[in-house]
Amino acid sequence: MNLIAVMDFIIPNREQTMFGKILIALFFLLYPFVASAAGADEATAADVQTHLNYVWTLIAAALVFFMQAGFALVETGLTRAKNAVNIMFKNLMDFCVGSLTFWAVGFGLMFGATWNGWIGTSGFFLSDYVHGEDPWVLAFWMFQVVFCATAATIVSGAMAERTKFTAYLIYSFVISAIIYPIFGSWAWGGLLNGKGWLENLGFIDFAGSTVVHSVGGWAALAGAIVIGPRLGKYDAQGRPRAIPGHNLPLATLGVFILWIGWFGFNPGSTTAGIKDIAWIFVNTNLAAVAGVVGSLISIWSLTKKPDLAMSLNGALAGLVGITAPCNTVSPTSAVIIGFLAGILVVFSVIAVDRIGVDDPVGAISVHGVCGVWGTLAAAIFHIEGFSWNQLGVQALGAAAAFLWTFPLAYLTFKVIKMTVGLRVSVEEEIEGLDVGEHGESAYPDFVLVVGAPSVTRKGAPHASLAYGVESHLAKGQVVRNV
Amino acid sequence: MNLIAVMDFIIPNREQTMFGKILIALFFLLYPFVASAAGADEATAADVQTHLNYVWTLIAAALVFFMQAGFALVETGLTRAKNAVNIMFKNLMDFCVGSLTFWAVGFGLMFGATWNGWIGTSGFFLSDYVHGEDPWVLAFWMFQVVFCATAATIVSGAMAERTKFTAYLIYSFVISAIIYPIFGSWAWGGLLNGKGWLENLGFIDFAGSTVVHSVGGWAALAGAIVIGPRLGKYDAQGRPRAIPGHNLPLATLGVFILWIGWFGFNPGSTTAGIKDIAWIFVNTNLAAVAGVVGSLISIWSLTKKPDLAMSLNGALAGLVGITAPCNTVSPTSAVIIGFLAGILVVFSVIAVDRIGVDDPVGAISVHGVCGVWGTLAAAIFHIEGFSWNQLGVQALGAAAAFLWTFPLAYLTFKVIKMTVGLRVSVEEEIEGLDVGEHGESAYPDFVLVVGAPSVTRKGAPHASLAYGVESHLAKGQVVRNV
Amino acid sequence: MNLIAVMDFIIPNREQTMFGKILIALFFLLYPFVASAAGADEATAADVQTHLNYVWTLIAAALVFFMQAGFALVETGLTRAKNAVNIMFKNLMDFCVGSLTFWAVGFGLMFGATWNGWIGTSGFFLSDYVHGEDPWVLAFWMFQVVFCATAATIVSGAMAERTKFTAYLIYSFVISAIIYPIFGSWAWGGLLNGKGWLENLGFIDFAGSTVVHSVGGWAALAGAIVIGPRLGKYDAQGRPRAIPGHNLPLATLGVFILWIGWFGFNPGSTTAGIKDIAWIFVNTNLAAVAGVVGSLISIWSLTKKPDLAMSLNGALAGLVGITAPCNTVSPTSAVIIGFLAGILVVFSVIAVDRIGVDDPVGAISVHGVCGVWGTLAAAIFHIEGFSWNQLGVQALGAAAAFLWTFPLAYLTFKVIKMTVGLRVSVEEEIEGLDVGEHGESAYPDFVLVVGAPSVTRKGAPHASLAYGVESHLAKGQVVRNV
Amino acid sequence: MVKVEAIVKPFKLAEVQEALLGCGIQGMTVAEVKGFGRQKGHVELYRGAEYHVDFVPKLHITVVIAEEMLSQVLEAIRSAAYTGKIGDGKIFVSPIADAVRIRTAESGLSAL
Amino acid sequence: MVKVEAIVKPFKLAEVQEALLGCGIQGMTVAEVKGFGRQKGHVELYRGAEYHVDFVPKLHITVVIAEEMLSQVLEAIRSAAYTGKIGDGKIFVSPIADAVRIRTAESGLSAL
Amino acid sequence: MVKVEAIVKPFKLAEVQEALLGCGIQGMTVAEVKGFGRQKGHVELYRGAEYHVDFVPKLHITVVIAEEMLSQVLEAIRSAAYTGKIGDGKIFVSPIADAVRIRTAESGLSAL
């Protein structure tokens, strides 16, 4: 440290003259600058904090990226073996299409200079970044792109086992380019540039119960409605029938992976390595475990069986529920929010099933419904007190998400249906999309149960009806030899 | 920087008056405060270090959380397909029950203000945390809760394929509320509040060979004894028979996940982002690889076959072994500790099997036995030299863990057995717990081998005996149609 | 803060004497030291940055470690069920053998004091580390050992389903002790000690397209050539036949895990928690997604089917391609590099297949070929401009990797073949290595397709020829009863 | 007594089952099999290389009945399993000398 | 020669095998099948929706024997597979015209 | 009509298939089974404990043919499935009373 030398020079030098005093004063005044100049690589504390923010944000982004694997596993595990390649592939592709689209278009629409709080207008193709200048926009993009991909991937589960591969690629583009980013700019645009209109109203959605999950959930709802239920999902009387998932260990692994991913999703939304993340971690975890318990108690009471698949949804419900309020509620509130989300998801899954919307993995309930719940909960359980005003804003935000997403997604799927086609042929659906779309089997070395002999409805008047085949055939579709 | 303005005001103002001098002095005196006020986000180095500690501790907690997935996979992979839902579910539930219990009760008993070093007495329901004040207790809780869950989840493997779901939920509550936290307070209470009696003696258990693993392992031993072996595990002469795990790729994935989780478990136990973690990382990794090599050599010598399932245990053995001494031994010692743990686990697994305790995944040997080994190794290989005294303390701690845990766990399982029942019915065990307990199959689309035709003992005098069915039936239990 | 007390003592004490002034001055002069002494744990900013570097480097190491699981899953998923234990086991063992070897030998050869830029000569058994002194060498070792293991593990995929277990252990030792570290010292030796000759020429390989991936890839090429194709891979006319992987969901999970691992691999190669990692993250991700898109478009055009297994290779191709240039190209360039890598890998996989080299997982193309591509791309797309000179150096480095690795690996495998034997017997290959080598089944509870009834060549003149059995039998090998 | 074995397309199981129940059949046994016949398999491409799938998944349904029910049962299976496309499958009829119900030791027709 | 086919509860395999070995049988062939019969399946609930499991897992054991062993074999299987519960299964006996041992080209009884 | 059932080593499937096609057979049905016979299983060690694998994987190939093709078909299967090692398997021949092609309702030989 050359400070000693400097002061040795100043102090014993002469009597305390005005000059000396000024020197001393100046020295100390400039000390922070001197120190940081002395050590350009011995960064200042502020620099190190900035670095820590980068490190934390990017590690969190990596964790959120991992959620793609989690979604892929959950969706694959909760559907049938004959469609496993297809679902894995869709989960891979929505991330790839989404990343490129968000890079080219979405990020600019979401975080560019805002046009009156309604849409971003700059920063396409990451043009905001200039080499050699501050790269924060890159760290921020990395974190945001994995969020965009999360919203996009939610839909694949709800439309699983019947959607054309190309149709899904087109949808992935639309949600990543338009649906997600524009809504996102309303609530989060201010994180980088000017604030969106929802932000200006004081809308709280810390990590995206609405922005990410509800948007994904309502797009899933639109998709599931437009494409219709899987063959055999409803019997002749329109009663839902269970179509069990083919690999529950993988689905469970998927939930564990999503859970750890959420430790990036929520605490990472600080985009800063600060003490708040402790709070957010604890809230996130407590809501998740309470969600499991809430859903387990519910389904156990309802059906007298502790159902793993439903309890997995409970974990995700708790996590979605705490996503908006994770930074503004107490741990005890987090337990309550998660627990109620766990109950909610069970009733919602059953209700969605009954009204004829076939969502194989429960995406609509987990992300759409519990996303709304979490958004409202941010007002209801606010640690600084409840206010009707805040609740109103929260409700407005949640409604806006629905009103923006559902019609647009519905339209998107309708247009896809009328053009390239949304659904595979009946024969392909029966045979499985893996062979039909990809010419590959997920498990070619295993003897698979075919014809669903272990899962068939006894005494249904006409099995063909029961499998929904006849009606489709009646429409003149030709069943290839199976 | 408003420092300039302040000094402009002070210095050129007038001659060096008493007032001026005091002003200057005050300014500098207050400078650190001013600086940190001026830049609330330009934290001091100490602040940034604190933030780094938070970030590191919480990332480590996330990694340790991930171990839940690892345990779930290892246990599922090493048992049979017909129980896969059940085992996955138990692994999920012990984390959920454990988290809530540790939040409500356990944390307070473990880390609350200590009553004479024997038990914590405050901080239940995270009541130590006051919103707006320092949230370290939350970061600390988050890290500790995943440790508690680790101890809890060890048991599920040892009691796999025969334990009632409700019984397991009750056990999960007991270990998280009482068994683990009270022992924990003896060894680790001082991490947050007053020291426990073992700590006061100088007991070394840096990351929990004893506190977490032995406690879990001895509870597993108690459980496996009380519940008895699986049907068919022993032949009429009482010789153990192998019941191969149904999915070794998943089990191997589980070990890799546990391994990465241990990079949170051991280095994270610093709860600080400091240089020591490098050492701990290296020791952890070297012990793990040496554990694999030790176990591979042992089993290969013994059975003439390189056995994957046993080598997986070897990795875990090495990791458990290095957990206590990871911060007090040299890398070379870590290799030796791990290698010996790998040998030890092989002999222990075979011995446990032979004495009639059926532990499907080797949990007792991996966690209980190698936990003791690691605890002793912390004295034997201490980098600052061996001392009999330290070894005595280590042995005392290991013994205390056994004497506290085993009887209490034994009692717990006995009480469960006498009340709600500990074991499923014979018919349910034969059919599998997935259908019996949960009405779900893990793999409904796959044709499964039933009746164990590929794994049957040739020439056993009476197969019914061999499968242990007759004796159970003789006790008047009715076998449902299978 | 006892500063107040100190100043209270100084200031109001007496008039501003010389002594008083000096005291004040000294106080402030020493303040930084006082502060840091007062808080030895209140480190300076530089200390905190160092700590952050440790934390980041070690977290990155943990992520790279996780790639071992990714490789294991990809390789297992893309091969047959009957060899799943064997492949998992090999992936475990190359990490274990590699870690110990790199600890004992490899690290010293790679990063020890260099002998004229050709080989390291010190630091074996981590002897560079002295307890109590700076442990950076440990953090650095931890990061480097997982890189070594990555290079080593690449080969297992290319030689899958036919290589003897012991032969593979020997190979693992050789690559970790000699092949990888010596080449590594040429390009990276200067990261710790004196620079290697390639470094001195200005060779750019930021995270190892050449050092890790090409070296692994060319060793894989040598191995695949020496061992020859799997039985049944080529028909009587020498045309390649597909042997589908048995578990595409696991393979896809493996790719997701590799992807997240690469977020440690590339950004972690800074070994410092600095802003650059943002750029590297973004480049890494964009190249990966572009790789998927490039390969999907290619294979879809070529075979009219969107092929998942090939698209997974595309992701890895993009990742390998961006590994060298990740810190020296723009995000847009990263997209181009990845996209072209994705195309390249498809043509390369097909070409390798056609020339009679049987690489079940595409390791040669992904790591060898795309490693070269990435190395050249570092010059072609350099953000500070293209230079023929740089391209020449890159080409030289890539060529050096081939010329060093291929002959040495070839020799290694030849020697193994002539001594302990490289390939299992025909009967063992037909029956599967799991039973033959390990006496274990990966999936004992599942009914497996045997005799490949679903994958057989129609109208092949002689099936025995088609399966390549006859020719082998002709050599006098005895087929055990199968 | 005769044994009727039908090789049918998997997705026809439920319909065949209904039809057999309609004939008064009380039991049947089903196995997963692979069939080769006029219905050819298909050529697939995996990672750019071809493979031929000769065998298609079929279900093998076995039902043992009294001889007098034969024509009724044949017709029931035939019409339930019918799609008119190649690969609809075959029905084979073979003699059964005796049947035993394990639970009761009944034999002959009453064992069915 | 006759073929004896037994449809039994899976967990009875080992006992049936013992019993057959006890009769001097040297070989048998076993397949995993699904059975439908008086032993009804069950209704399961998955995520709150019902599904009916009509088919229960069974093992199909085939053993070809000399006719004179028939009654002994029938009895052996019957008693080994017996639990007295519905679903214990059936044994079917049918004629075999010839048998060939591939390894030796022996035919008839000596091929067994 | 006769039914020919062959229990063969799995890796012989392709060769048997070729041989049958060579006889002019148009269809066959294959099932995965487990066989017990003179070819003994083996003792395995898993985690240090033994287990006996009594059953070895086999394929069960069924082909129904006109009686006049029988000897040709038997010989074709036999030579294709032959390795000369224990466990090569068996061929069983049994009568078939009738066959029906579901698609066309043809019966008898023309149904094959």
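First chain written, first letter: the chains are A, B, C, D, E and F, and each begins at residue 1.
Everything that follows uses one rule, which is that a residue touches a chain if its C-beta (ideal position, glycine included) is under 8 Å from a C-beta of that chain, and two chains touch if they have at least 3 such contacts.
A quick note: this is a predicted structure, and the numbers were derived from the prediction, not measured.
Colleague: Which other chains touch subunit A while also touching subunit D?
Modeller: C, E
Colleague: Between subunit F and subunit D, is it the same set of residue numbers doing the touching on each side, over half shared, or a different set?
Modeller: Both copies, subunit D as well as subunit F, present different residues to each other, with under half of the numbers appearing on both sides.
Colleague: Counting in whole Å, what is the centre-to-centre distance of subunit B and subunit D, each centre being its mean C-alpha position?
Modeller: 53
Colleague: Distance-wise, how many Å sit between the C-alpha centres of subunit B and subunit C, to the nearest whole number?
Modeller: That gives a centre separation of 30 Å.
Colleague: Can you list the residues of subunit D that touch 2 or more other chains?
Modeller: In subunit D, the residues touching two or more other chains are 17, 30-32, 34, 44-46, 54-55, 83, 85-87, 94-95.
Colleague: Any chance you could list the residues of subunit A touching two or more other chains?
Modeller: Within subunit A, the residues that touch at least two other chains are 16, 28, 44-45, 48, 52, 55, 59, 244, 247, 305, 307, 309, 439-440, 443, 446-449, 453-457.
Colleague: What topology does the chain contact graph adopt: line, ring, star, complete, or other?
Modeller: The chain contacts form none of line, ring, star or complete graph.
Colleague: Got a list of which chains touch which?
Modeller: Pairwise, the chains that meet the contact rule are A-B, A-C, A-D, A-E, B-C, B-E, B-F, C-D, C-F, D-E, D-F, E-F.
Colleague: Using the touch definition from the top, list the residues of subunit E that touch subunit D in their complex.
Modeller: Listed in rising order, the residues of subunit E that touch subunit D are 2, 6-8, 31-38, 54-55, 58, 60, 74, 77-78, 81-95.
Colleague: List the residues on subunit B that touch subunit C in their complex, please.
Modeller: Those residues of subunit B that touch subunit C are 16, 18, 21-22, 25-26, 28-29, 32, 44-46, 48-49, 52, 55-56, 59, 63, 80-82, 244-249, 252-253, 255-257, 259-260, 263-264, 267, 273-279, 281-282, 285-286, 288-290, 292-293, 296, 305-309, 311-312, 315, 330-332, 335, 383, 443, 446-449, 454-455.
Colleague: If we count contacts the way the header does, which residues on subunit A are in touch with subunit D in the complex?
Modeller: Answer in residue numbers: 430, 435, 439-440, 447-453, 456-457, 460, 462-464, 466-467, 469, 479-482.
Colleague: Note which residues of subunit A are touching subunit E in the complex, please.
Modeller: 240-244, 299, 302-305, 307, 309-310, 313, 346, 349-350, 353, 362, 453-458
Colleague: Given the complex with subunit C, which residues does subunit D contribute to the contact?
Modeller: 34, 40-41, 44-55
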